[in-house]
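Both of the next two complexes hold chain A, though its partner changes from chain B to chain C.
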Partner chain A sequence: MNGNYGKFASLHPLPAALHMLFVIFITMFSQSPVMLAVSLVGGAAFLLTLDGAKRVFSDFWFYLSFFLLIAITNPLFSHDGVTPLFFMNGNPVTLEAFLCGIDIAAMILAALIWCRCFSIIITADKALFLIGGTAKKLALVLSVSIRFIPLMKRKWRQIKNAQIALGYYSEKGLVAKLTSSLRVFSALVTWSLENSVETGMTMRARGYGAGKRTNYALCRFTASDGAFTAFSLVLAAFSVFGMACGAFSFDFYPRLSPSLISSGDIGFVFAFAALSFAPFILEVTEAVRWKYLRSKI
Partner chain B sequence: MKKDIIAVFAVILLFAVLISGTEFQSVDEYYLTHADDIKSGDKTVFVSIDCADIMSNYEKLDKSLAASGFVPQDGIILAKTEYVLREGDTAFDLLLRVTRYNKIHMEYQGADKTAFGSVYVRGINHIYEFSCGTGSGWRYKVNGEYPDVGASKYVLSDGDTVEWVYTCDTEGGK
Partner chain C sequence: MEILTLKNLSFTYPDGDGKAIENVSLSVREGEFVVICGRSGCGKTTLLRLMKNELAPVGKKEGEILFRGQHAEDIDAKTSAGSIGFVAQNPESQTVTDKVWHELAFGMENLGYDADEMRLRAGELANYFGITGRLHSDTATLSGGQKQLLALASAMTLSPEILLLDEPTSQLDPIAASGFISTLQRINRELGMTVILSEHRLEEVFPIADRVVVMKGGRIVCSDTPRRVCELLGNDPISAGFPSAARIFSGLDGKGKCPLTVREGREFLSSFEKKSLPIEEKTHSPEVAFSMKNLWQRYERNSPDIIKGADIDVFKGEIFSLLGGNGSGKTTLLSVIAGIEKAYRGKLTVLGKNIKKYSPAELHRGTVAMLPQDVSTVFIKNTVRDDLFDICRAVGCSKDEAEKKIAEICGELSITEVLSRHPYDLSGGEAQRAALAKVLLTEPEILLLDEPTKAVDACAKRVLTGILRRLAESGVTVFAATHDTEFAAEISDRCAMLFDGSVICPSCPQVFFRKNDFYTTSSSRISRGVFENTVTTEQVVALGKGADK
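What follows is the complex of A and B.
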């Protein structure tokens, strides 16, 4: 169940999922640049331990262009702010709007990175286990539909190969590639519609849903899982309390808030930092301990 | 490959069209507007910008706007002033000229972007629509009455008084 991943992936799926959902939730609802930076760095560090530097840096250009696109779009549509840089069609393009764009981009990017970590840690089987206890029907529907993804990938390759053999598929130039892919895609859609109907009919014929549904427990909830759940619950509650008190609010319009964070609210930042960096620290200490133990053999 | 070049060219063309419809000005250039000196025999109009309605709805005002000091205590952003009326000036043309001349921040939506075919003034002096409750925004009066058309469709005549007023409750103002 561990896969290639370390300590965090070996936790019970419930505390792991809860922890990451807390971080994503707080990230999405806070505007403070300090909080977003903490979340972004924590998430990126965690993703580095999961995916490896090579994989993350190959996606780096995607993340960067995504970031810049959002950061530049905001000042084009939002013209509030006291520091105009230049005027576009009689409307000011301001420094505040630009900074706000960067802030929003950081928020979306942080949420995206955490969601990526979530999808790596909470694999399909764990997700089904999590919802299987309460919503058995939904779990079945989900598992059948998730099954479709590898199935469609395989079928895509088959159709493509057949088209290549027929001489229909061309990869010379972008437009030719696009039309060829479109032809494969339309064949794939037809096939998948037919296949899903067939699957449903077959399952009914074999008696699925006739009796009471049961589910299989994949993982056991240990004491360390309980400790981790308590840890993330307390920190998340503290952070949300700080959020409700307005500790993480930061205004961009019409003028930037005078300070990034007031000195009285620094405790909330540390709580959130502990929450964001916990998965990374867990992974790294485990890896170091493993290296150390191996060196003694 | 030939089709690729055409595709790239199409993207560049699209980008060029988007850029060419846009006018860029530096800050100094924008504010370097000249309001004509009033000579005898000139046609003139009076303009004022007023947000006094916020004072009676202060609890609804956006917190960061309240802290910024852009809402004057008496609600007068621009006291009633006389300006020269140029031929064919609409209420919006005059507002644009006056705010530029007085270096007052103003944001508007172009006539091509609104459903009613006239410009929409989103904010003056950093006070925006929805800054003071869900029904708040800028409206204009000419000689004490709210006209039925958008500001860039109302052509002013000699001696008119244009008042830009901020209302916190659009329904009540009607």
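What follows is the complex of A and C.
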């Protein structure tokens, strides 16, 4: 479906979506700098393989300014912590609050990057396919509405042009322009009602409502999809278990926790790292295999 | 074996005066290709919709419809959806979903096909219709012709036993239309599919039809082989839509087998004495209506040029046709002249004044007006009358003045009866004339027409020709962009082709069409070699009458 992407994108949308939702979920509920760093780097590496360096770096300033904005905002408003760096308007700006700001910013940025990956991998039709498994009616309604948007846009242009040629848009001034647009809009509404009556008719003609509906399987669930589902389920469960045990707890206030992670909990970090880097590794091995195959030709 | 039988069928709409269908009896054999024709409003659509239970209009029905010996009302929805395929007129409104694959699968999903069956069926049909490469495209990116083919393909996924098609090509350009018709022929020949098709573009369907049913006022007036129909109704007004060969044949009172195709037409004419029609170049007024000098246009800075150095002078009171294929930029050029789009290079002079110096009000009130391709976009009110009054008010007429003007123009365009109707309820021809009335109320000196013969039947086309001629005589310049070679040959003072962004070879129709092999009229192809310089059926008939065998 995503012709230009690799192995991860060609997975069945269910394991792919599950995997990314797990990572986003764990990221959003962890405060541990180690976990966030793993998630952020894993996500960024994955995004690089999807979007390409050029695209990611052109968005780099957006990500950076977003990061800085949140990192700076926190110490300005939160004055907890025991190590004041300097005073502003009589309030202390503390080291703890500053580091906590960076942590929150990293968490939001990591979640954002994973969401971006999600939107690239789970395209509209894959999402509809996923919804269709449980909510068939909703999926169909969405599919019909998505088709309608470009249609409405084109019709809007056509009606507007026809009205311009009749001299309706010639008056200057905001009110006149607004009235003109309102006329076009009312014509558009009439047209779309008319159109949907006809669409309803063809739907009936093609057996809509005649019996139990099935859904066209856009993708097939293969053995490797199953394996990947199991892989992400196990690792995610293990990470969540670690989280529940407090392995990733890290406090900023009133003073920073003494160590980033205890040596006994390092196994959980590896589990989460495997989860976060899996998409990147899948994509990269595919690319490497291609190169290798091509060099043989 | 008979697959579909209508017995003494009559139908009355609840609010209608008189019967929409009156005492119709028809039986269709399996594998037959039946064409239903007649003027718009003759009951073609009602008849076709009655044949499929779910689409049957509400009203009083008498008589019987039998599908394989079973009453149509007794067939359950599932069987009906599966065994009777239906393709409607409008490609936009009969596309349901957003993706091509989903559109193909939609019917099968409704009938509960299982996953493997669906894949196989969709794959098979995508191959047959040549749309495998577009399976994952958005339906919105397809052209009208592609959408109609997709509608046909999705009807075919349910392996119907009979296909009903209600003017499926009326919204398509001639090239897409003939592509559609030949696909339909292929389905009929290769799969033995029974086809019932209502059409007004008869040139291509007559040669492939097994039977033609002609309707008038809800009755069947004739039901026979295409050849017999042409012989029987050769002098009826309905014959305006018949193939050129048949019209020439009946115009010349031919004896024997009526020709239907260009080849048969040439055989018929071959016994005639060779003759030549003098070329009539119409003298045009010396005044220029508008002129383009090296005009260039593109939509965005980085998009390709659509118009590349167009050069042309169009004179006052002239009817000028601009021909060209799909996407050749005809609509774009019209939009530039109408002041909707702007050219980025070159000069466009309208009535001796640069178009840039016009204010929008000046340009669109009394100078240039445009009838768009989709005439429904012209209307914004709930009745035709309201729409016409609205434009009069916008132009600045008093109420009495407006009433007088509207009465006058409605008489001229014969739309007085439809004034109180909703614009969307009109037939193709009526809607076009109503839209034309609205456009003409701005009293333009230059009238631009975009594909004026699309969605219009042969009779309405003839009426339009008359209207445009009268307009031109009264001094209005008519500039039409069209695909329709027959129409251009008949109406134009001059024709030109838009190719690769520039206007090529402006000349009178006789000169323009006589040498072309493909981009020409059927009459020209039929008469070539016997008669010289004849491009319309009228010209062939006129010359043929004088020629002894």
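Convention: the second predicted complex is superposed on the first by the 224 of 297 C-alpha atoms of A that agree within 3 Å, B and C clash if a C-alpha of one lies under 4 Å from a C-alpha of the other, contacts with A are read in each partner's own complex, and residues count from 1 in each chain.
Definition applied: a residue touches a chain if its C-beta (ideal position, glycine included) is under 8 Å from a C-beta of that chain, and two chains touch if they have at least 3 such contacts.
Quick caveat, the model's predicted, so the values are computed rather than measured.
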Quick check on the superposed pair: does A:175 touch chain B, chain C, both, or neither? Answer first, second, both or neither. first
Between chain B and chain C, whom does A:61 touch in the aligned arrangement: first, second, both, or neither? neither
More residues of chain A are touched by which chain, chain B or chain C? C
Given the touch rule stated above, what does A:255 touch, chain B (first), chain C (second), both, or neither? first
In the superposed arrangement, which partner chain does A:216 touch: chain B (first), chain C (second), both, or neither? second
Of the partners chain B and chain C, which touch A:151 in the superposed model: first, second, both, neither? second
Touching partner for A:92 - first (chain B), second (chain C), both, neither: first
Touch test for A:79: chain B only (first), chain C only (second), both, or neither? first
The answer for chain C against chain A in the complex is residues 52, 54-55, 76-78, 80-82, 86, 88, 90, 92-99, 101-102, 105-115, 118-119, 122, 136, 138-140, 151, 154-155, 158, 335, 338-340, 359-361, 363-365, 368-370, 372, 374, 376-380, 382, 391, 394-395, 424, 438-439, 442, 448
Using the touch definition up top, name the residues of chain A that touch chain C in the complex. 1, 124-125, 140, 143-144, 146-147, 150-151, 154-155, 158-159, 161-171, 183-184, 186-187, 190-191, 194-196, 198-199, 201-218
Going by the contact rule at the top, pick out the chain A residues touching chain B in the complex. 79-82, 84-92, 172-176, 251, 253-255, 257
Which chain B residues qualify as touching chain A in the complex? 1-4, 6-7, 22-27, 29-30, 63-65, 67-68, 70, 96, 105, 107-108, 110, 122-123, 126, 128
